[in-house]
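Down below are the structures I want you to see.
Both complexes below contain chain A, partnered by chain B and then by chain C.
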Partner chain A sequence: MDKNKHLDSVISTHQITKEEILFDKYVKKKNEVKEALEEQYGSNIYTPFNSGSYAKNTAINTKFDFDLVTPFKRNAFGSNGTLKEMYEDVYDFLYEKYKDVAVVKKQKVSIGLEFYADSDGDVIKIDVVPGRELSQDQYKEDENLNLYVYYKYGNIDAGSERIKTNVKAQINNIKDRATTEKDSIRKIIRLLKVWKNSKYNYPTKSFFLELITIKSFDSKCITGSIWDKLETVLEYIRDNVTKEDFTLKDPGNSSNDLADTLTSTEKQQLSDDMKNMLDRIEDNDENLKTYFPENSKFKKEDTNNNQYGKNSGMPIPPPKLIFG
Partner chain B sequence: MSQRVIEINTVVESIPDVKIVKPFVQSKIDIEGCVTVFVEGLEQPLEFNVTIHPQYPFKSHETETIKFSNDDLIEHKHIMQNGAICIHTAHTPVLSQKLIYDIESVKAWIKKYYINKESDNHYEHLIVPQKAFNENHFVYFFNEVDYTFHKNQFGFVDYSIMNNGVFHKESIQSSIFQSFLSKDRKKIIDVDWNFQLKNLPKSTGLFIFVKDAPSKNQRWVFDEWKDFEAILPQDFLKFLHNVQERLVKKEAKLLPLFVGYNISETEIHWQAIILEIGNFPIYGEKINKQWFTKISEVKSIDWAMTRNCSYRYFFGRGKLSDRITESKILIIGIGAIGSIVAKTLVRCGCRKLGFIEYDVKEPENVCRSEYSFFTGITNKTNDLLNELCLVSPFFEPVNGGYDYSEAFDFFIKSHLADTSIKAEMKKHLDNYDIIIDCSTDNDLLYVLSQLNINSTLLNLSISNHAKHLVCATEHNRYEFITSQFGGNILKFDVDDLHNPTGCWSPTFKASYNDINVLVQTAIKQINLKLEQEKTLRNFVIETDDMGGFNIKIKEF
Partner chain C sequence: MILKIEKIGLSLEVEDELLNKLLEIGKTHYPKEFGGFLIGYYSEDNKHLHITDKILPKKYQASKYNFVRSTKGIENELAEFYAENLRKIYIGEWHTHPDNSPKPSVTDISAINTIINSKKTSIANPVLLIIGYSKTTADFGFYVWFENKLYKYE
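Showing the complex of A and B:
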């Protein structure tokens, strides 16, 4: 099996441009939510913006990350208003507005909106991330925001008053690297997102995978084919993520450590998953497809992928070989 | 004098602090003698009659074949009814070494239980003589009930005979408690068992809760009825009298009396006494013109056996993690893998189990599954239900059965496009904590993978010759299983299948042993992961017969 050919196909079948109609639905819905927030909060809010993977140029078409950052002014909830009050207020507003058409739920630092399937069966998910500037008018200067942690987030405790960060700096950092190193960093990030998506509810955030990919490229000399690069990144994660002194600096605030967004058990699980993945791919190249599946919707069908009954002149249906 | 007797005398004499009072001599079968043993802390050495059986230094039926007895020590801990110290020492085939070990053990007993009067942490049951009643033994199994008995509460117990068996060389009848009833036969509380046990025909016995153990020294149970004189209240004795009067037509029939007492603040133990109708150990006596019921002075008690079969005792020696045993589990497909999984789970402490299967059991299924030949052709669901009820008194079948299985297959496969039915199916399946799909039905695998079920969903399947077991635990189960068996990853013989005579569908070749070693390994892996609170990952168990049997778990 040609691993590079397969990985190229994984990337191409996951290109966002292949899901234009669905993508447009996301954009439309995101704009609707943005306008609703602007209307509700008027002059208390700066312009909400998308901080998801599309903004960072690392999106895949099986899971659009649409995170709508909502920057509030310092006194939006009164001069003594807390970040918790901000978070609860945004939740209450979104719940009342969308409760009949979507599941509205409180998440780690965001509020999740999962719209019920439309007539095509498509489900649109938008995460709204409320943030507040640190002092009056400061956001205009440096774009720093405080986020509220609703429930335990790795090693960061629930109810923690704030995570100070600069989301725009986060986006730009990743977007710049992903754009300038599109054959390496961008591709690897996309592949890791495909892998994460196959795991369903994996505790590691996409942002973590983006940063650790960049860090591994900065820490090691990563060259060669796409598989060579992917293998090196997987090895880097396997070998480093559980180290006590391992840190992942938030490009939006160097005093935030993204390594804290995972518990030690979750870090161990991530390392074990990398190890298992590398071992199984070494056992048999074909296992690569289990971890990095093509998007079957856009896959070019292999007309002769059934090894049973090959060259027999007459088509033979594959026998049942799974028993119990 | 034989060389063996000479050696015993020589060795015992050489052991420090041991003196031979009566030299060892050969009796008809055993070698017997008398020694004193001194331990610091004693005023005087203790004397023991020593009996050495012919098997010595080997044990017989897991019992030491040397006895150190002294009737005066009978009230001390770890002394058997014949006055012998209860000792267990290390194995050695060398007689002289074994004698040294055994006397060291006697010294340790003296220090611990005679001088220091230590108490053990675990409760030691009263010693009850195992005597047959009219050449029959009786044993009664009880379960803990959620009810607090008060001292001297008495009434009836409904019990059911489960089986007549053989106990060494005599017969034995095993029964279970079914419910406690008041003296006017109003139900106090039911005793929980599986539904088949609950449906057994019932007989009547009596109970009294005496609170304190019926023992003079906390070691042996009372041996004569007069020992109960100060304990059994007059109204209970009258109750006994009335019961006997009412059952006069059943004279000579047996009636068990269960005597309950606390062995800890929260735990009750029941002992059983066999009463013979018409021959109860009571008599009437008129005192001051009033009749009283009295206990017959010289009548020994016929104790039967009891066993606490509550969940924690029944599974006390080993079970799976609570995360599995406390779960409500659905097994889809109960062929070779599914039936082994079901029986293993039930034997390992699982209670709530349902299964889906529309197939019937044929004689040729028996050799590699958990079914029996005896029941002939019958639905697998019905047969497995019976098998599991035989294994565990705590098995509680949830949904299952033939009709349920048919309905399940129809609904889940016919309505995938109908979002509301799909949502209903999802909701129904989410009622289970764990779903184990052993059906190897790729269509069902696909359908289940489309449902986003919140329950832990596991798929188990094997390859021909049971060379591999594939266990999918993750969201990508459909892709994982189809790729593993797709021909490019797992390599196994695809031609050497079993083609049953007269049957159109070939099946895999593998024995019960081949399959079971894989299934048990898989259950071990799943249990370990859950016990360690780790996330389950897909895995493949690979076996290899080259150079001996090799088995390896490959986690994905």
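Showing the complex of A and C:
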């Protein structure tokens, strides 16, 4: 079995362009929610924007990440308004608005909207992330926001009710890498997300996988074929994630350490999973397919509709051609 | 022989007899390069190309590392193929690489670009055949320009 050929196929069959129809539905729904929020909160918010991995260009098609960040002005809920009040207010609004067409639920830093399946059976999920600027007009300067943490967030204490973050910086972190390396990073991230999504409720966040991939590219010389690169990253995760001093800084906020979003047990599990995966693939190449399945929905379609171009009339060769 | 490009799913067929003929003609010009025009037709579904004939240039210049051909004097021959069968058309070019591999040079690729950019030519996927040969060996390299890239038939 050709491992690289398989991995290329995994990437291409999970590529975002292949699910354009579903993607369009997401965009439409996202815009609907965005407009509803703008109408409800008027001059109390800045323009909401999408920060999901589509914006980060690493999404895989079996599950889009659409996070709609809603930046509130400092005094949107009064000068003494709390982040909790902001979060609850947005929740109440969305619940009233969408309760008949979607499951509306409170999540860590967002409010999840899971729309009931449409006639095609597609389920659209959009997470609304309410955030508030730290002081009057400061958002316009540096785009930093305080988020409300709804419940215990890994090792972050439930008592600390805010994390400061700069979502746009998170997005730019991936955008800024050199193009060729960025392309490799994206491919590896896409593969890791394929793996993560093949598991139910895996505790590691997508953002964690993105950052740890970038960190392994920073820490090691990662070259070779796509399998060589994937293998190196898997080894990096296996060997480093359980280390006492392992950190994973959020580029949007260096005091926000993503390593803290996993408990030590969860980190051990991640490391063990990497080890098992590497061992099984070492035993037999074919096992690669179990961990990184192709998206069968698109495989057939992928075996091309290519055609030679059709000519009109009699083609005349160029009068003079030079060959070397 | 039948060749295919797995990646884009397009195939090509050419009679060995025609290939041997081209090689034989090419060798008579040793050590200089030589070449000409290729004629063929696309299948009904446009996924398969059958190369059936050749046209040799009347006017050309050649050296060991260069080959320049003109269309002067071949117009009638071209029109005859088309008159015989409306699907039989000019589909690309061939030339030799004496004592060398059948790999396209930068000049070859720029020639391909001239073909696709020529309005009168109106073929989107020109085929390039390079015959790399020496006294005892011959290697045929078939290429097609497809969506801004040159693909090799295997």
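Please note the rule applied: the second predicted complex is superposed on the first by the 293 of 324 C-alpha atoms of A that agree within 3 Å, B and C clash if a C-alpha of one lies under 4 Å from a C-alpha of the other, contacts with A are read in each partner's own complex, and residues count from 1 in each chain.
One rule holds in what follows: a contact is a pair of C-beta atoms (placed from the backbone, for glycine too) under 8 Å apart; a residue touches a chain by one contact, two chains touch by 3 or more.
Source: prediction; values computed, not measured.
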Counting residues of chain A touched by each of chain B and chain C, the higher count belongs to B
Touching partner for A:Pro319 - first (chain B), second (chain C), both, neither:
both
For A:Lys289, is the partner it touches chain B (first), chain C (second), both, or none of the two (neither)?
first
Intersected contact list for chain A, partners chain B and chain C 306-308, 319-324
Could you please specify the touching residues of chain B with respect to chain A in the complex?
333, 335-338, 419, 438-440, 442, 460-464, 470, 474-476, 479-481, 483-485, 487-489, 492, 494, 506-508, 510, 533-535, 537-538, 554-556
Considering the complex alone, what residue numbers of chain A touch chain B?
1, 117, 198-200, 265, 269, 272-273, 276-277, 279-280, 283-284, 286-287, 289-291, 293, 306-308, 319-324
Spell out the residues on chain C that touch chain A in their complex, using ranges where they run on.
8-10, 33, 35, 37, 42, 45-47, 49, 65-72, 78-79, 82, 89-91, 93, 95, 105-108, 110-111, 114-115, 118, 120-125, 146
Write out the stretch or stretches of chain A touching chain C in their complex.
303-304, 306-324
